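As written, the chains take the letters A, B, C, D, E and F, and residue 1 is the first residue of each chain.
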């Protein structure tokens, strides 16, 4: 169950309206790595978790916080739009290219659809999609995904920070940056602890039977591009991070195997095959068959 | 530039047709973590890279390999569909519930749209989407994303392995599992090397000025759920993985701040406000304004 | 802020596994009118609300309940999948058409992607989309949308009720049906109260200046199909629900006006116009212009 | 069958080109509540209708009119784009910030893809989606959805009205506003008539057996947020709109029930469970099983 | 304007219910090349046309016919679903694997969402998308697109024909096949006539100034794969179909040019560059700048 | 297998940064007819091909070239963004409407998400979709689709050419235009050769049995709009392009057939039927049945 409290975690009030910036903030509301994504991702990971205890509590506890971040951002967006010219015709708008410029960069649906409110979309207007969510039931894989999400998220907030001078916006972003710092660290700690607890190892999934893997290909880099410097990396020699092998480097791909011959599916799919398809020839066995079916 | 060679990296021929399994393989062709995703993701990361050398070579070299994996899988799918009943009406199909069952589980577009061929979609028929790709220009963030992608990908292939007895399919999957093992290790090694080279650190982005972050919130876990065991994890005390702080644990969220008052945007958005909207009252100043605009 | 409690509102445990039914339940998790939609819709309506007080409290209070409904359904789905054959190869699966049939009807991503867990998608596997949300800032419009959502939602749950005999599932659905009954009633009551409070009237938006509307077309039905019985309805005569007019019925559409002539945009768009485009004729003024640009 | 007449229902010619406004109009062509949505929605409702007569005639008759509205808007968009600078390079464009501003706000695909023509997309460029359509076969639910669609649609047109001074555009919008007035009224009248005819009642679906609903939860508001004023509404006490109960108000949610224990699906999904996954431990029964499969 | 007549163009009544086939028919209703696509595509091409007369009349006249085809198919789908078991629990369904098999293959939203009616989706449940439409304003390009659409469409209908024995369905399909025959021929004739009328030529757009094209690359095939037989085709030598050149064949790609050096965008994007990012080094000029911004 | 070479086919370096133009170029990277589409389309056509030899070699050889075009464009986009103001706050940006105007027209995700790099999206930010790909197994249909794709693609590049004065961009576009010229010609030649080789004819599919088609409708134009000039085209009389018939022209549609009666599906779908649904009446047989199920 979720309960709501009519408070925000932290300040979310701008100094001044800025409709273009409101659009930019949509990226961290409804984008691939926005707050809706992490709130939903941590929730589904918790609901799909197979063990009770610290990992699931961590997922539930962080998920609920992230729903509150959506709220902070949506509240901020509404205020940024409150007094901003949103394409409403006025002398000032019509005659002033600077104002017109602003309008050119706004999310038009902020005005036409939401009446100066936030929306579950990204900065280019793409609606948030359930396909952004990762929740596989394997906690090492999923918490690695969470590390990734928090990295991308903090990166985007840092970029957004430099796109405004508004002290109120920057104050809110300074809080979100801090929480992203915590969450990057937290998921990284959990990734380590999962391995220390012996619950999962690299490579994920770690207890897939080794005998079923073509292990002769498991630790060699095959170079499919003509740059030579990939041979200089730690992925080209030395022990592998999973502790199970030694990296090798091949400057050429494997020789490969012949492609299997092209398929010839049922004639009733009408694909193009070697059999001539001329009307005058079609009175043969194939055409007889098609006529019957 | 890309060049194509009419060979496959490894065997991709099934023992027998299996249209339902063909549909399942679509997940690792066109799903969120399928081969199209990694091929495109590593390509865009390379094109957006800001430094030449080993990291970019690694991206280019692996991207090209992944395009070849799409090819292996598409070739396999076509063969699995070649002799399979794909809903084409025949006595056998009509009368045999087992055959009917098989048909119930196929990708109908394999038959109707592709004529017994592969498609750029996932196992539920959703078309592959460019929104699956992550390429931010920050290599630590992006290569962490690659670790995640290879973990999810190998997990899916491992599950698929157990869903068939076909020796040909399993042979191909044993190869893909091995390459996913390599790629998990490779990106993890690169993640470490980026930090060892001093190019980037945690938290990403690491040179965002600390003075601009609300650091009092950077290392504490605030518990937004009522489970108590999250306090037992390494994310609740001790040094943080980024080396910059000490984890703390708060069993209650922050007190929060009052929500800012609701916004009152321009009346021409016709949102609902405290101003009564009755026709008889609307003859006042607001209505005058609306009448004029 | 949102807080999470590790309890469910109501029982959500099935008697037996049923992977096909798990897929069906996805419709009311991640479908157009599933619980994610109403949870997000009521949240965005609250965040975009322009007046404090009873309407906004109602939105916040109901939104949080709906997040809990997602949780109940996700928990149910995971249990339905727990012991179900999900395409994992076993003798029983291979040889038994009934089991094969079941597998044909499952959500393949439940197995391959989520490892027997719920996903933010509908029953056909389409990911939930932010485009399902309605939040315009006009409460009469939005709460009418909520009435609609709860009607469609309860209808879907009622259909799902008849698709299983499982007492555990039916118990949970009986609860969701009851809450949908409440929410239909609640939003309908709010729709009436908004009008009684004079905050908004029909037609929405009600204080758009009448002088700007072509009122001669505001209350007549024009019949664009050849059925004659639409003339028998209450929409063909008598007072209109908005209280502002009298319905009329026209058995023919308006005469219409001539279409404006086709447009002739800039030649550099290379659209097809009356100007012949032959290479030998292109040496004229148009081609000169194109050559210059 | 549908027939086309080369006339428009009403004037649709602007005074002057305006490429930014053309983009805004796309919202009511191809947006969630645009004319494509209502044309398709009423059509599918008619095709899925289970009774002949006045309701189905009403659906058919209105659907055909809405297809004509798409046409009016598309015609208007083409004219707005006809003489507008659409990013084509010219001295005027390069040097004049006002012209540049205009270009910043245009739909780039109007120029690059459509060559100065309309497209089946919304104002942010999202393509129209079949997922916007509601057609359930239950006419009370569906016509309530139609009321909602016409409310949102008229609201958007009213906002668009204030975003231009162009007399030609405003003339066309004054017609669309009038038709939306009619359609809001018409569907509301139909909603009442369906109930008066005894064909359906609230709550939808009304003849779902009451004994199968957990009626103790059917008429009480449970407050999941900490605002107290929802208790003041007509949804907190008094008779319910469906005529079947009395509203109640609970300032606390239900106590809830314990969450069922986490699931433990088949080991071949490689989810994370309490069983340690260390390589050295995996030589036990679980690993034996995995090796065999 | 569009008018509707309550007749179908042709018979659309099945002999017997078949819910799996109903799902298959969705492909030609709401798929990439279904009837919604062609109806909308021809409409938008007509609305975006720049010349009155025979071509535009042809577009309008065919578009309206295609709307009627959607109607025929939707009517057929509803009848196929009318008496079919749609997952409703009954003894017969539970105990009979054949019935279960059928249910496994149905569109679950046909039952849960539409209540046994058609939907604007394809056979895998993907909603129809406005991105399927092609309407560029260049009639030679667009009518070539129409040829393509009718080819793919007829191919799909032919495949569907072989997937049923139902005489009623086959009767309807025989009509749709005939109309696709006509429309393939009609658009092909129009493609020729456009060129004969001198309105447009190959390559589209034909009056793009030749001096602006790198004509040394305009007529040579560069072989980027290692198969040698492409040299045998008519595209490897002889006159080109546009009449402007001679085909050439190069068995190797062009030598290519060096890639430009990687970009170094503004430091505030926090991309990874050669500049070490270590905390201890960040006290330099870059960090000073970031601190200031 | 694919191999990558760190060269570009042709120059791809702009004279100057231009973030708005970078966004425009996204159309031909990730749009419906962008380079990702043709690269993937030709690849899937090759993988789904049923005959070895010249046609498949042509597909493979061209597909690989198109992957290189994505690379050229992505490289260009990164350079156009390198020095451009991307919404980063600076005095110049804040105070200068021309700069602000530029920012209004940029792809905001270029800055926030990609850190000044290219993305797999179109010019309006829609992610590339697998639904753009056409690969049916019928080569005449598919290569006609390729003709269409190259026509639309060259048209878009020609329009883009006129939207910039930058000599570097124009140089690259002159190359892409030339390759599109080649590819239009090449696919058109292949379309002819397929017919000359007798592998397929019009109408596609050509060996579908004529006896199964309602041939009385195969060659007549039925006019569903009221324009009369479609009678003047070559599609209204004379021999048909498939060589099998004579065009006819009917200025009226077919008389049509009565619509089948509305369906009455199972009562448990709760659709609206003639049976009154009043609670007081529901105590009859229907309600008894619902109560039992």
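Criterion: a contact is a pair of C-beta atoms (placed from the backbone, for glycine too) under 8 Å apart; a residue touches a chain by one contact, two chains touch by 3 or more.
From a predicted model like this one, the values you see are computed outputs, not experimental measurements.
Colleague: Which neighbours do subunit C and subunit D have in common?
Modeller: A, B, E, F
Colleague: Count how many hops through touching chains it takes, at the least, to reach subunit E starting from subunit D.
Modeller: 1
Colleague: Looking at chain pairs B-D and C-E, which one is connected by more C-beta pairs in contact?
Modeller: Pair with more contacting C-beta pairs, B-D versus C-E: C-E.
Colleague: With chain centres defined as C-alpha means, what is the inter-centre distance between subunit B and subunit E in Å?
Modeller: 25
Colleague: How many angstrom between the C-alpha centroids of subunit E and subunit A?
Modeller: That pair's centroid distance is 27 Å.
Colleague: Scan subunit A for residues touching two or more other chains and write them down.
Modeller: 1-9, 32, 48, 55-57, 60-61, 63-65, 68, 75, 78, 88-89, 97-98, 100-101, 103-105, 111, 113, 115-117, 121, 124-127, 129, 131, 136-138, 140, 155, 158-159, 162, 204-205, 208, 212, 224-225, 227, 253, 256, 262-265, 268-271, 293
Colleague: Flag every residue of subunit A that touches subunit E in the complex, lowest number first.
Modeller: Contact set of subunit A toward subunit E: 155, 158-159, 162, 268-270, 293.
Colleague: Report the residues of subunit F in contact with subunit D in the complex, numbered from low to high.
Modeller: Per the stated touch rule, the residues are 20, 23-24, 27, 31-32, 97-98, 100-105, 122-126, 155-156, 159-160, 162-165, 224-227, 253, 256, 261-265, 269-274, 276-279, 281-282, 286-287, 290-291.
Colleague: In their shared complex, at which residues does subunit E touch subunit F?
Modeller: Subunit E reaches subunit F through residues 5-13, 32, 53-58, 60-65, 68, 75, 78-79, 81-83, 86, 88-89, 111, 115-117, 126, 129, 131-132, 134, 136, 138, 140-141, 144-145, 147-148, 151-152, 154-155, 158, 161, 170-171, 174-175, 177-182, 184-186, 188-190, 192-193, 202-205, 208, 212-225, 227-235, 240-242, 245, 247, 253-260, 262-266, 268-271, 293.
Colleague: Help me check something: in the complex, which residues belonging to subunit F touch subunit B?
Modeller: The touching residues are 1-9, 30, 36, 40, 43-44, 47-48, 60-61, 63-65, 67-68, 70-71, 74-75, 78, 113-121, 127-131, 133, 135-138.
Colleague: For a test of understanding, state which residues of subunit E touch subunit C in their complex under the given definition.
Modeller: 1-6, 48-52, 55-56, 87-89, 94, 97, 100-101, 103-105, 107-109, 111-113, 115, 121, 124-127, 136-140, 194, 197-201, 204-209, 211-212, 244
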